[in-house]
Amino acid sequence: MSENAPEKVSSAIRELVHANHILFDQGVVDGFGHVSVRHPLQPDRFLLSRSMAPGLVTEKDVLVFDHDGAPVETGGPAVYLERFIHSEIYRKRPDVVAAVHSHSPAVVPFSAVTGTKLRPIFHMCGFLGAGTPVFEIRDYAGTGSDLLISDNRLGAALAESLDRGPAVLMRGHGSTVVGSTLRQAVFRAVYTEVGARLQTEAMKLGPVTYLTEGEALATTNTNNTQIDRAWYLWLKAAEKRSMAT
Amino acid sequence: MSENAPEKVSSAIRELVHANHILFDQGVVDGFGHVSVRHPLQPDRFLLSRSMAPGLVTEKDVLVFDHDGAPVETGGPAVYLERFIHSEIYRKRPDVVAAVHSHSPAVVPFSAVTGTKLRPIFHMCGFLGAGTPVFEIRDYAGTGSDLLISDNRLGAALAESLDRGPAVLMRGHGSTVVGSTLRQAVFRAVYTEVGARLQTEAMKLGPVTYLTEGEALATTNTNNTQIDRAWYLWLKAAEKRSMAT
Amino acid sequence: MSENAPEKVSSAIRELVHANHILFDQGVVDGFGHVSVRHPLQPDRFLLSRSMAPGLVTEKDVLVFDHDGAPVETGGPAVYLERFIHSEIYRKRPDVVAAVHSHSPAVVPFSAVTGTKLRPIFHMCGFLGAGTPVFEIRDYAGTGSDLLISDNRLGAALAESLDRGPAVLMRGHGSTVVGSTLRQAVFRAVYTEVGARLQTEAMKLGPVTYLTEGEALATTNTNNTQIDRAWYLWLKAAEKRSMAT
Amino acid sequence: MSENAPEKVSSAIRELVHANHILFDQGVVDGFGHVSVRHPLQPDRFLLSRSMAPGLVTEKDVLVFDHDGAPVETGGPAVYLERFIHSEIYRKRPDVVAAVHSHSPAVVPFSAVTGTKLRPIFHMCGFLGAGTPVFEIRDYAGTGSDLLISDNRLGAALAESLDRGPAVLMRGHGSTVVGSTLRQAVFRAVYTEVGARLQTEAMKLGPVTYLTEGEALATTNTNNTQIDRAWYLWLKAAEKRSMAT
């Protein structure tokens, strides 16, 4: 390990706390939902808060989880029931560095209807590409489940449905969005919600012009260079309205 | 009575004040609506604020009511016209420990239309089960009433319509939601509103996939173990934005 | 004049300032819109702010206007272009003590469509009765006007359209709501907006059950006894978030 | 240059900072979007912030740009990718003194649908006139662009589409609104968003009555005299909730 290894970890933890507060302040998560980041030194591990509302998370609430979604230190506090969303995506997708699971309100309806796909109508949502898959948990857990990704098998099935994409909807539940950095994952989680709201409104007005695949790709490339502009605003806003202090 | 009986009562009062502030801060109640809890020592009585906006309630505003909805201490302040919602539900439903009556905005439309039932499309609302009954007061008070549950007879009719369920809509008026704890009743009141908003939006997008009965049951069981996670967030938010101090 | 006449006036001014701040805080007015109250000692006069955003009004901004809508003290600050809304309603309606003119956002659409009437689906809006008239200014000012009630003639036409009712919509513009007290007018302005939003949402869900005339009347009578409950909450909220200090 | 030339510039910069904060506080811009003003002394130049979230802009972030959209001082901080929106509009339209580019949420859907035009249903939006043109960037940059106005040629094409009007929508992206003063441009940006929301809601209720051309012109003339009333309110609100300090 390099000399500043401990600093890398504490910096990752601090940024993860910021991500928690931003996602709450931007209305992506409420009491529920969670965000993780791959461990900066041990890529088969990840950082995730103990089970609590993201808006209240502080640095001391962040735990280390192993590649199976188990907390590395046993006997600790209660952990999220759905930590397997994170562990299985990190296992399947070496390119993914962060993941956000949420019930953000404009997205849930797209998870629960047939005949309409969440697709980008707006350049900030180009990353949604040709349309977002919907994970139907009934295909894996039958018709009487609690809809949660509560074990490795369901996590793997969700990761399969996510495939190479940036986002997967979860029927009757919400979505999971990933990124190659924590800030990108947060950015995408916010703009998945924004895009869902815009598409919902547009569909009431008339036939919608979606981004082409070429536009989706080009806007994504450009937006990837602009993420910090939003991040610093969101962080300031989250600190100003913080519930955690 | 046990030694800490007075503490049990003062603790129940404190929690009821919190419930009032949370319901206001989460937009479930405005100037109107009310929340009660069964008396912790005398199960045929309940605690409810005097007639005032929930967001302003303090501990000294909480009164004790008897099984007929009459305040135990006579000559006190004005009381809610609809206290009979609470008394008759407590009479009919020994399992109920708390009740929330509100005009929360996404729910009222479901009370006032025919052909659409409030049903869960979202795992956090699984408790809504196979659909929420609508109480039509015209069946009991005729076509010229003020729509209020202003006496024991109407309270009993409403309790009848609620039946064994967690929620009943009241046509042109709002809803009443119950729980086996105060926190569960508050949780359900918030998520009834959230669920109504999600269903309204989903219905515009295409045919909706509702939770199965099995899913409704399983999600309810899981969510019942997670209520405090939301409660502590909501309490923090309510305290931060409190109107009562 | 009685001994406490000056106190009556200063109390009316103070309450009018509160009404301005409440209407802003509740989202009924933005930079535009205005609220007046009949002069407590001289019933052919009324109190109204100088031309400014209601959210910023202070006591020293309140002016006295005569029965023709002219400020009693000449050479003062700029006055609202539409003060004739108030003067002509006070002239025609001795029962009216206060009037609110606003562009509240859920109401404007009802003013600008044909085939849908703003009607009460919700007991708090019973005062809307059998439906709210729409004033079409083209009938009085032709097809090239600025839509404003900018003289006595147009004010009288609007008052005619209001007739004996509590509210009149103004096509492409907003609404005017009146009351027999200032608090009642404010209460009705807030709940006209709330009711419009509820009706808009309900119409998307299915056939709507409106209040009967008997229910409209009975709910109005009951609600008239409950106005202060909302007023004190709204005042507290407006003071907490005040822009005027 | 006149004696108070430096003061004119510093005053323009201060007002531009206010405009940035107002547009953020009113929800017209989020992390993205920008507002410029023509240089008060050198009409072939304009003032615009460096690349950052408008809500965080301070006076020291404002830069001078030349008629080609290049920052006058080289080697400075990163600049907005779309500064050519501003430079080409100032070049084509000597009457324009200020321009706002935004992704305001109610407007984007109108940019992305066919068959519905953004038109004024509300007197505050009369400036929208007979309907707002939509700039389809595919006509100039093909079907694989990032949708941004990232060079002079695209800026000129957008300015061509804006023509003599106050606003142009940009497909899948947002809008650009101009004014003959900075305050007018901000006023129009806010009311373009308000008007889009009202039209969206009205279209769900029934056939819409739009303003006539005569009404559009007359309301615009009247509203132009009322801009400061909104400006001072918005400034107060923006200062109160400022993220920049």
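The letters A, B, C and D name the chains in turn, as written, and every chain counts its residues from 1.
Criterion: a contact is a pair of C-beta atoms (placed from the backbone, for glycine too) under 8 Å apart; a residue touches a chain by one contact, two chains touch by 3 or more.
None of the values given here were measured: they were computed from a predicted structure.
Between the contact lists of chain A and chain D, the overlap is empty.
Farthest chain from chain A (centres taken as the mean of C-alpha atoms): C. Homomeric contact chain A/chain B is classed as different-residue, with under half of its interface positions used by both copies.
Rounded to whole angstrom units, the spacing between the C-alpha centres of chain B and chain D is 46.
Chain C and chain D, compared by their mean Cα positions, are separated by 33 Å. Counting partners per residue, chain A has 204 as the residues that reach two or more other chains.
In terms of which chains touch, the assembly is arranged as a closed ring, every chain touching its two neighbours and no others. Under the touch rule stated earlier, the contacting chain pairs are A-B, A-D, B-C, C-D.
In the complex of the two chains, the chain D residues touching chain A come out as 30-32, 51-53, 55-56, 81, 103, 105-106, 108-110, 112-116, 142-148, 171-173, 200, 203-204, 243. Within the complex formed with chain A, the residues of chain B that make contact are 120-124, 126, 194, 197-198, 201-202, 204-212, 214-215, 217-219, 221-222, 226, 229-234, 236-237, 240.
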